[in-house]
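What follows is chain A paired twice: with chain B in the first complex and chain C in the second.
So, the complex of A and B:
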């Protein structure tokens, strides 16, 4: 090997590395598709919804008073008259490539404690998406989210007396799902579902919508707090809304 | 150009060697890296490597060889030994959800944990305890990616006055400490019987009426720190977002009046003829929200 040869070889190597780097970069930029579609659909419950236990709030008179006219029950399965299943989170569990499109929420999602219940009962979030915890009750709550112990998100527990300012928080990693409880009012229960990319949460009628989905082939997952998960493959085309439906069977 | 050729060959060999090490010995390296964990307490530096024998001798019986809290004695114990792999700790000087400082862990090892089977390890030397702290940290990777939270500031303790004791009592009512700890601090509040820890095991609130020492210390500063940072893994939340540093001292003084030992605050409470709070009485405090607002 002489000097010329040495220079030539190293030159070719550098060129090759540069080309590879370019290719990688290009792949990433191409992913940010210009036109995005939405995925809409409904979630139904088949069979008789499980009995929801009435909640006795007599230990917290201020909250009991709020629900005097309309007593509340647990919310482990909430189905409408036509079988529409509420509080189901639908998200893309596989197929998102490149930097996952993040939902840009118009305003910071809020998790309220009202009438000794969590509103909403189920909230979907992206990693690092900030949310605020508020207390609309005349009583103190302790907000105690309990991610999987030893996992990437960490449990915290903060008191929020009546009239206290909102608590700002975010979860750094995806997790389906984080149970939230209040130790002072043990009937209070809710879930935060942290997923990458677009998500939708079903409403009273079981309808959901995922916005800003780039065209592609995906696996959609629907999560319900006591009925588990269901998956479905979908193909999203440019500029055309895609429709899917999920059916959970009552246990 | 022999030297250049040699350099190329040497580089290639080095790259190949690195590749094989990283793939084949990843588990060994991981363990070695973790045992390189250090703890820094003032001028002391603890080394996990030096604590392996002492951990097996003094700690593993309860906390387990793997640090998972499943030592052979664990089945007999309540509360259960801490699971170090989860890196959740009760006694911290740092905000809820963050790692404790090395000094926090060092203090717990030295102090022991009241009302549990964790004894004081002060008979061991300072260096041995510092090494054990590093060893406790080596069980969770969280210590490699995260720093301890910022230590809360505790202002110097003011003089205890009648006004402060009364203000502390108002806070005890407003913050609803009594919902768990009871109106007289007897751990019999309306929510007391329903409490569970983060493993869903039943747990009792602290009973001020018959206990002098807390799990995380016994001084006024310890008490201040306990309710400001909360005890992670338990139902006890952090109050630091909603209690000002000066108010926190008022609450400390009032809590001292509930305890069995003689304290200056208790003397003041006696002179005042302070009665336990009545949560059902209409709020006399002008600051509180009107009751009807939420209908």
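So, the complex of A and C:
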């Protein structure tokens, strides 16, 4: 066999394998495609965002060192340059029925403590969706979520020294929202939002996405930790992404 | 055997006095105008207690040496007045010692605690809460705004519960996580506890004062040496007590002015 032939043969073989792989993948996506749709959109902030107080972490030298170059501030309202509002939870507050209302997201999201901050600052969860609390700092933290007293979810307060294994936890019932603080570092603040059905949390640009929304008429609610909630009615059709936008006014 | 015990006792007593006499473990240098009185009182107490300790151990050793191995039935002299006389003498001796120490100590205590701060003392409020200290400066108006515990909110760092929208005195209050003070300036420290009992302790300042919830105490001191010192809580206050601390930053006057200006801009 001369060199040209050899190259040709191997080229054809590689192309065939690639085609087969593509076919398998294609088949897979076709099979997985449900009769559900997604809701996408953006959250904007109108007006000047309130002043965010810089945080002095001098009490905890290891965390102060992390933020020496880029000091961090409180995160009660985090808006981008184009007005995109971060950390807004969008969820279906009314209209869900059937399995979509009781389905638990399969992911196990992480709630990390890094540089004496909660990452993410806002986390959305389904009831009974497990999450992992991790500590990436060289110092101890104590995680203290505070659900409404007397409600179905119970307050807890656990210490997590540096290098300790992750804490596995879940919330039983929907609750908007559970404030989380660290008793050792009073500037640490975050929220867990427990809702039924699909949810989305807006990113730096204010964009969010709710996946696997069955067709139907819904009331969507957008929750922001200090600006409150907004609602909107939407109709979701099969296979057609629905676009929604929310605008919060700065107080 | 009795003689060996006597020697061992005396050796241990003298051995344990050596590191103290040799000043191996000395407290950090004093940086306050009042601290020398505390240090003098401490060393008086150490000398007095040290002499008593050594005397007691050595006398005990001597007694063991002299009276060990005595023949059964040998007659012993008793203390004049018997056991009652012995207890009475000890009572008077120890009582006098405590009263004399107390009388000297009272003087140091009174000059620190029972004198008012000077009229130009810089007021600084410190709030202790589980598990951090925060400080408040009154700003240009020299007045602290009122506290509203219901407005305390960690999420937006309203640590003291100020209402800047409604209280004009609170508007220019400066809240900090570190205690910055100018050197050689008297500080009037107003102490406020948010939740439980805490304590304000700075070794170098020779100050240790408890916070009592519901009782706003005050202290005054003058720091004389520029530097960064640890403020620690020395009253067990809960789970995070071990990590309850802040820093005292003693600065030169111009450095302090720059610092407080920078802190004001961060509010």
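The rule we apply is simple: the second predicted complex is superposed on the first by the 208 of 251 C-alpha atoms of A that agree within 3 Å, B and C clash if a C-alpha of one lies under 4 Å from a C-alpha of the other, contacts with A are read in each partner's own complex, and residues count from 1 in each chain.
Here, contacts are C-beta pairs under 8 Å (C-beta built on N, C-alpha and C of every residue); 3 or more make two chains touch, one makes a residue touch a chain.
Owing to the predicted nature of the structure, the values given are computational and were not obtained by experimental measurement.
On the shared subunit chain A, the superposed partners chain B and chain C overlap sterically. Looking at the shared chain after the overlay, A:226 reaches chain C, while chain B stays out of its contact range. In the superposition on chain A, A:159 makes contact with both chain B and chain C.
Of the two partner chains placed around the shared chain by superposition, neither chain B nor chain C is touched by A:119. In the superposed model, A:76 makes contact with chain C only, not with chain B. When the shared chain is aligned, no partner comes close enough to touch A:244: not chain B, not chain C.
Contacts of A:189 after superposition on the shared chain: chain C is touched, whereas chain B is not. Of the two partner chains, chain C is the only one that A:54 touches; chain B does not reach it.
In the superposition on chain A, A:142 makes contact with both chain B and chain C. Residue contacts after overlaying the shared chain place A:179 against chain C, while chain B stays out of touching range. Only one of the stretches 7-15, 151-159, 205-213 or 277-285 belonging to chain B overlaps chain C in the superposed arrangement, and that stretch is 205-213. Within chain A, the residues touching chain B in one complex and chain C in the other are 59-60, 139-140, 142, 157, 159, 183-186. Contacts from chain A toward chain B in the complex involve residues 1-3, 6, 59-60, 62, 65-66, 136-140, 142-144, 146, 149-150, 154-165, 167, 183-186. Looking at the complex, you find that chain A touches chain C at residues 53-60, 74, 76, 139-140, 142, 157, 159, 179, 181, 183-189, 225-226.
Within the complex formed with chain A, the chain C residues making contact are 129-134, 154-157, 159, 176-178, 238-240, 243, 245-247, 266-267. Every residue of chain B that touches chain A in the complex is listed here, in rising order: 1, 4-5, 83, 85-88, 95-98, 140, 142, 174-176, 179-180, 190-191, 194-196, 198-199, 230, 232-239, 241-242, 288-289, 291, 293-295.
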